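Some structures to go through are shown next.
Here chain A shows up in two complexes: once beside chain B, once beside chain C.
On to the complex of A and B.
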């Protein structure tokens, strides 16, 4: 009897999990099959394309500099994640390792900036970027987000948990602070660093609002802006939109396949953003 | 190479807690000095101040007469072995030992030679390529020692280095440390709360409590001539019996008391055996007497069968303390008067009556 109820509960749990998975996977599946469907078929409820076609991809590649945009996106995401990690590591290490006046206040201020919605600081940021003459420049996308409070606060946790004795041993060995950080602390924090790095990369890759403001020309914009160009006021190119979106998902998909463990770890650790 | 370490009027507070209260200490060149005391007495803080990992609020530290208080740890010519080894987890044993030399920019071939030599010295030559996680506690301890030795420091500081090892390994490492001390002929400053480690390894012991030095001297002086109640009760296993009287305290070590069936010897107290710990080679008796509970340690085991023996001891083995717990020069007349009071006086009669009832 007990065995039976256990089995029922287990089956129930699995059913819920399978359904949840389907709900999450379905949009991705729909995107992929739609990208291979012709105009006539795209609004049908077919689960597999009847007339399998590459036309959407051909159209997308012909009408949009997808390769160039992907490269721009890649540069932005890589630069942002590297910069955010670097500034995060330096700030978090200083806050975690040293005792100085105002340390508490600085930490609180960092936490507060994390809570401020990006939209509320967009205009002052935009004005600053214009004044610096950086509009349409990649730096305009990268500079305002070169430091991330999220990264700093998370790295602080990792540094606080790092054994003090190792830092002291390195001091006894004769290391300065920067060398202690780079040779002793960071090599032992590879796992949290890589999972944070992946998260920062994905966030930067998916960035839309800010690049949309400062990168108006299609040739120099990241891929997320380009996708939007298939949806206009008079005509929506759903098939090509799906094709371009499928392509834009590929880098993240590749990262996931290569670093599956770290990606899962980072999402488990920090929640899905 | 060996150095003399001087600690001069060092004060350290952590917030409201006064951890070190005006400590002055001379650690003789080439000695194996032990800082001994209960946890929280300030011994580790003192060690860390000497290492340069903490800054004193007042006072200064010297090595060979040179004031090193403001020196960086690396410039003090001192090496430290940490309690939990503090080996770099991502480096092999070889790299762990080599790291300090690399920072000092010693040439690669010379470095290699020095590291191999030291690893051989601690009998880890065949483990050089292993990561700390792949080694046993004892091996990790030896890598930590090798890392200190390779720097050829003027002094070794050790912060409870054996406390993470199991009892058997600890005994073995104790011998190895003594051996190493003799070979290196360098100043050792060793922090522990374990009196067995202190007595067995140290050539000089400094006993601390609540931020002050209670007594310093050779293990023999500390054991045979405690300057205060704290030291008498801290050293010895079990510690000295303390008998309170009107004007202070008397201390007698458990091993200086014998048991007898008849009232003989210089002084004796009728006692009743409360319990006995048979340790194999020796027995510890817990007795109830007119002077309170006392412990008696006797070599041999399973021998005492009389449940109401006499605890017998001699005057020259007792310590006399005043009411503040400070040792007063052993005064035969006072001792005799106090002990006679315990031996034949009214209090004893009252106790005997009660215990018989």
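On to the complex of A and C.
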């Protein structure tokens, strides 16, 4: 009897949780479904499209420079994650490996950056980009974010946990610091490095506020900014807009489906930094 | 790195007659010993240069701009005006509304960033096996979505007349007609709040789950307890145990509520109607890039950097104390 009531309670719990999951997943499901519905159906409440059509995707590709915008976003996200990893690895290695004057202050400067919102620095940086003649240039988005304090602090934790004996052994072999770093430390930290890389890539892919200021033209815009200009224009092309939105989410979805655990873990670290 | 070439320099340079003294200093600088001193700074240089130039320098610029009048137009220069921008800010009705709304978003977001996630994390924590991870992966899903995609999807779902929500509300007879969620005063900021909440719940849930996993399992062998005892256990054991994490999420939520809502305000309501859904960051953006009023934007930025800085300092101190007692 007790067992039965326990089972009912458990089933009830799962039911509530499944309903909760629906709230989180349904909007995304609706986006995908709408992107495959034709004009006759898209304004209905059908939970499954009766006539499956690719028209929206064809329309989207013909009327928006989606390919180019995706490529722009890909270049930006790849460049930013590689640069942030590189500058992060170098800085974090110095902070965890050496003792030197100013270490404390430098660490504090890195840790305080998360308090600085983009709104506090957007105007001077915008002016700098204009003066450099970089508006609408990929570098306008890449240069200011080529280093990430979060990446540095995150990597510092990984490096601090790395066995000192291995580094010392490499030094005994006469290796310089860079060689020790690339031959001994990095190959042994593939997992945390790739987790961090994924997180940096997703964040760069989703970035909105800063690109919105310096990459405004449709020819140069990354996908998020391009998409935004189509949401703004008051046309009722919901099907093709949903198709474009689905495409813009694809890289992130693929990463999440393949590397779900790493993604979640790296976001947790991001939160607990 | 190979420094064996450095001593070679020492021999080469004294041959130059003029400015021998300075050159000697330079050569001293390049001896192996001083290179060892310089090494950490060389590793730090790229990050320091980038963060210094694009984060800390502009912070100082913004501080200066807040005491000037400037439109950013080519050929014009910032003119000093003292505290005029700050005074204007305190007298501005628009800014008052933005501050009030910011308070609304901060307070109303707490259920989504703390209360609901705490419950979800606690419920899934006592589960065993695969389903636990499946649930968490699904809860977390909105977090990885871009703000623009999220805004686009909800604009479609909440579209007046043809959006699913309006269709369903009409079919079930709850309303007759159509709600323009983003352009009506009564609904705009609630819509922004719910969308932001939808995106944040999973993130906090995963953070709380991680904290719960780190605590002693024996507290949670409560599967056989009835409902009311479970609730007591939750408040007597779970909440105090992970209070540092709870406080941390409260702090994140307070500090970042205005960031998290920014994209939705910008894409869905433009702060309207009549400023009812705006927040301080959106006003700063509008001051700077719509009204071209650099001074006002900078003054507001500094003001809230200070306010949030104080909040962060206080909460971090409290959090450290809690963590201390926890140990």
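FYI, the second predicted complex is superposed on the first by the 232 of 273 C-alpha atoms of A that agree within 3 Å, B and C clash if a C-alpha of one lies under 4 Å from a C-alpha of the other, contacts with A are read in each partner's own complex, and residues count from 1 in each chain.
Simple rule for what comes next: a contact is a pair of C-beta atoms (placed from the backbone, for glycine too) under 8 Å apart; a residue touches a chain by one contact, two chains touch by 3 or more.
All figures in this text were calculated on a predicted structure; none of them were measured in a lab.
K.L.:
State whether A:173 touches chain B only (first), chain C only (second), both chains, or neither.
P.N.:
The answer is first: A:173 touches chain B but not chain C.
K.L.:
First (chain B), second (chain C), both or neither: which does A:106 touch?
P.N.:
second
K.L.:
Counting only touches as set out at the top, which of chain B and chain C does A:75 meet: first, second, both, neither?
P.N.:
A:75: touches no partner chain.
K.L.:
In the overlaid three-chain picture, which partner chain does A:228 touch, first (chain B) or second (chain C), both, or neither?
P.N.:
A:228: touches chain C, not chain B.
K.L.:
Does chain B (first) or chain C (second) touch A:153, or do both, or does neither?
P.N.:
neither
K.L.:
Touch check for A:189: first (chain B), second (chain C), both, or neither?
P.N.:
neither
K.L.:
Name the chain, either chain B or chain C, that contacts more residues of chain A.
P.N.:
After superposing on chain A, more of chain A is contacted by C.
K.L.:
If we overlay the two complexes on their shared chain A, which of chain B and chain C does A:138 touch? Say first, second, both or neither.
P.N.:
neither
K.L.:
Looking at the overlay, does A:165 come into contact with chain B only (first), chain C only (second), both, or neither?
P.N.:
first
K.L.:
After overlaying the two complexes on chain A, where does the chain B footprint on chain A coincide with the chain C footprint?
P.N.:
179
K.L.:
If you look only at chain C, which of its residues touch chain A in the complex?
P.N.:
On the chain C side, the touching residues are 1-3, 37, 39-41, 43-44, 46-48, 50-51, 54-59, 61-62, 65, 72, 120, 123-124, 131, 133, 135-157, 159, 162, 164, 167-168, 171, 198, 201-203, 206-207, 210, 223-224, 245, 248-249, 252, 255, 258-259, 262-263, 266-267, 281, 284-285, 288-289, 294, 297-298, 301-302, 304-305, 308-309, 312.
K.L.:
Under the stated contact criterion, what part of chain A meets chain C in this complex?
P.N.:
Interface residues on chain A, with respect to chain C: 6, 13-14, 16-17, 20-21, 23-25, 27-28, 30-31, 34, 43-45, 86-88, 90-91, 93-95, 97-98, 100, 103, 106, 109-110, 113, 115-128, 143-147, 149, 152, 176-179, 202, 205-206, 208-209, 212-213, 224-225, 227-228, 231-232, 236, 238, 241-242, 245, 248-249, 252, 255-256, 260-261, 263-264, 267-268, 271-272.
K.L.:
Considering only the defined contacts, which chain B positions touch chain A in the complex?
P.N.:
Residues 51-53, 72-74, 78-80, 82-84, 86-90, 99-100, 103-104, 147 of chain B touch chain A in their complex.
K.L.:
Please give the residue numbers of chain A that touch chain B in the complex, ascending.
P.N.:
Answer in residue numbers: 163, 165-166, 168-175, 179, 184, 187-188.
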